[in-house]
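See structure below.
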Amino acid sequence: MNAPSLEELLADYPIRFETPVAWGEMDAFQHVNNVVYFKYFESARIAYFAAVGFAEHMEATGVGPILASTSCRFKRPLRFPDRVTVGARVRDLAEDRFTMLYRVVSHQLGAVAAEGEGLIVSYDYRAEAKAPLPEAIRAKMLKVDPGAADGELVADPC
Amino acid sequence: MNAPSLEELLADYPIRFETPVAWGEMDAFQHVNNVVYFKYFESARIAYFAAVGFAEHMEATGVGPILASTSCRFKRPLRFPDRVTVGARVRDLAEDRFTMLYRVVSHQLGAVAAEGEGLIVSYDYRAEAKAPLPEAIRAKMLKVDPGAADGELVADPC
Amino acid sequence: MNAPSLEELLADYPIRFETPVAWGEMDAFQHVNNVVYFKYFESARIAYFAAVGFAEHMEATGVGPILASTSCRFKRPLRFPDRVTVGARVRDLAEDRFTMLYRVVSHQLGAVAAEGEGLIVSYDYRAEAKAPLPEAIRAKMLKVDPGAADGELVADPC
Amino acid sequence: MNAPSLEELLADYPIRFETPVAWGEMDAFQHVNNVVYFKYFESARIAYFAAVGFAEHMEATGVGPILASTSCRFKRPLRFPDRVTVGARVRDLAEDRFTMLYRVVSHQLGAVAAEGEGLIVSYDYRAEAKAPLPEAIRAKMLKVDPGAADGELVADPC
């Protein structure tokens, strides 16, 4: 039986961000520091926002995403040299918020190194208040990431 | 009615780490980047480990802490110039694991900027397997942080 | 003969920035990563700009500082736990540019850990062109840092 | 007349490191923070060491490279989204030291964003003293990077 391919490991994640692991991302324990995983998540999140036009929308209207909370479960330590592909998908798409799920896959290990989540709220930066997710963005999300409205999470992400 | 003092905001947190907010920790949105909060958590976690002798124990025996998961809830954006004090305490102290709770307090805002958690597992780095938390460390934790064995969390931290 | 005090080591540096060394700033070689020294320099530079009102001036007029080049000479490795004080002073104050000198002093070692320089150019961000250093800023610099106009450098900093 | 290609811009640099620019690498001025360039340099330096076997040699013998000083000249601001390729080459190869030159090329701009240098000294980490550059490493460097022994620098890098 073969190990799953990167493609299989990320099959459910329509948005991908790939980056080399930098030597300098390792800490004194000689593996990639825990903080760096959130940098990987951020890059995947930004790639998702770019894919659905949320960044441009924010510049034009002042309504954009805000990260309310985020979490990471570490599965396998990462070491240099390696490359990672980070997958992102959305679940629990609601009126003014959604949950983004991340999966970090190590090319070297051929395995999932970490999984995480972020709760993202739609926010009107000019009015300084929560705002409904713009219809155009919601439509684009459902097109790019058809599972976005599925509610597979039983509880709020912490 | 006065705003609570830093001391009141951190009353339940026996371990403290204080640091200036660096200008370079802000991102293009002009507030402190989400990733930096996990760096603050890490510094408080390391201060906790130093206070209970877990770092020295690890060097001597190979049994030390491993971070299994971590999360952050963002409450108030941080901006330069500011200073933060990060409090750390433990809950759910079990045979081979415990949960560390963090609270980041902004001196400028006089308010909690973020709260977070980490699930920490005792690990034998030589045997490459989970290991019971060393008795000496457990005793020191209960002395430094008497609430450590309280089980106030109803679910696994995510 | 005693080792020099922090105060003696930083006697020529009127602006100071102090920060704990974070455990997570160490890399896989178990000392503070070279990149972090430039973060320390930046914090001292920003403290200098705050002390002479350059940051406010920039917000009001669009004329502010730009970093054209920077360098660091590493003298002694830093390790956690430690604290550093970074001193900053200016030399070669010219029409539209000056050189900032940095010195990083380790509290633990009681010694200079690194020295560096930055060439800073006055820039009109609205006109997108170099601009003379504002008179009010120059006057404040000479007050806060009387040696600023001294030209002790024989060559351009690289 | 066409703009030079990436290949032309990096023609003299036999070692290359390519990475996406991360959104989170931008600071409050909305361009990539100056500190990040030294992270790019480090990744190229590590790639160079890997290419000539210096990292393995260090693990086997304790003799490895130490960064004595480094500098950067900023030419063009970088912004997300972009990719950079960082070239590295060596000059002034001497008994126990050499200078590494870096060039950061922006794919988006089709231009050099920054150039830098590092002075690297061969160091016996076990004896805690400078050590001659191992012959095998020198030979490999001259093979991979034939210009390494050229002495085009008139002064020590600062």
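By written order: A, B, C and D. Residues from 1 in each chain.
In this text, a contact is a pair of C-beta atoms (placed from the backbone, for glycine too) under 8 Å apart; a residue touches a chain by one contact, two chains touch by 3 or more.
Bear in mind the structure is a predicted one, so any value in this text is a computation, not a measurement.
Shared contact partners of chain B and chain D, listed by label: A, C. By number of C-beta pairs in contact, A-B leads when A-D and A-B are compared. Separating the centre of chain A from that of chain D, both taken as means of CA atoms, is a distance of 31 Å. Mean C-alpha position of chain A lies 24 Å from that of chain B. Looking at chain B, residues 23-24, 33, 35, 39, 42, 80 sit in touch with two or more other chains. On chain C, the positions that touch chain A within their shared complex are 23-24, 26-28, 30, 33, 35, 80. Chain A makes touch with chain D in their complex at residues 17-20, 22-24, 39, 42-43, 46, 50, 80-81.
Per the touch definition, chain C reaches chain D in the complex via residues 33-35, 38-39, 42, 67-74, 117, 155, 157-158.
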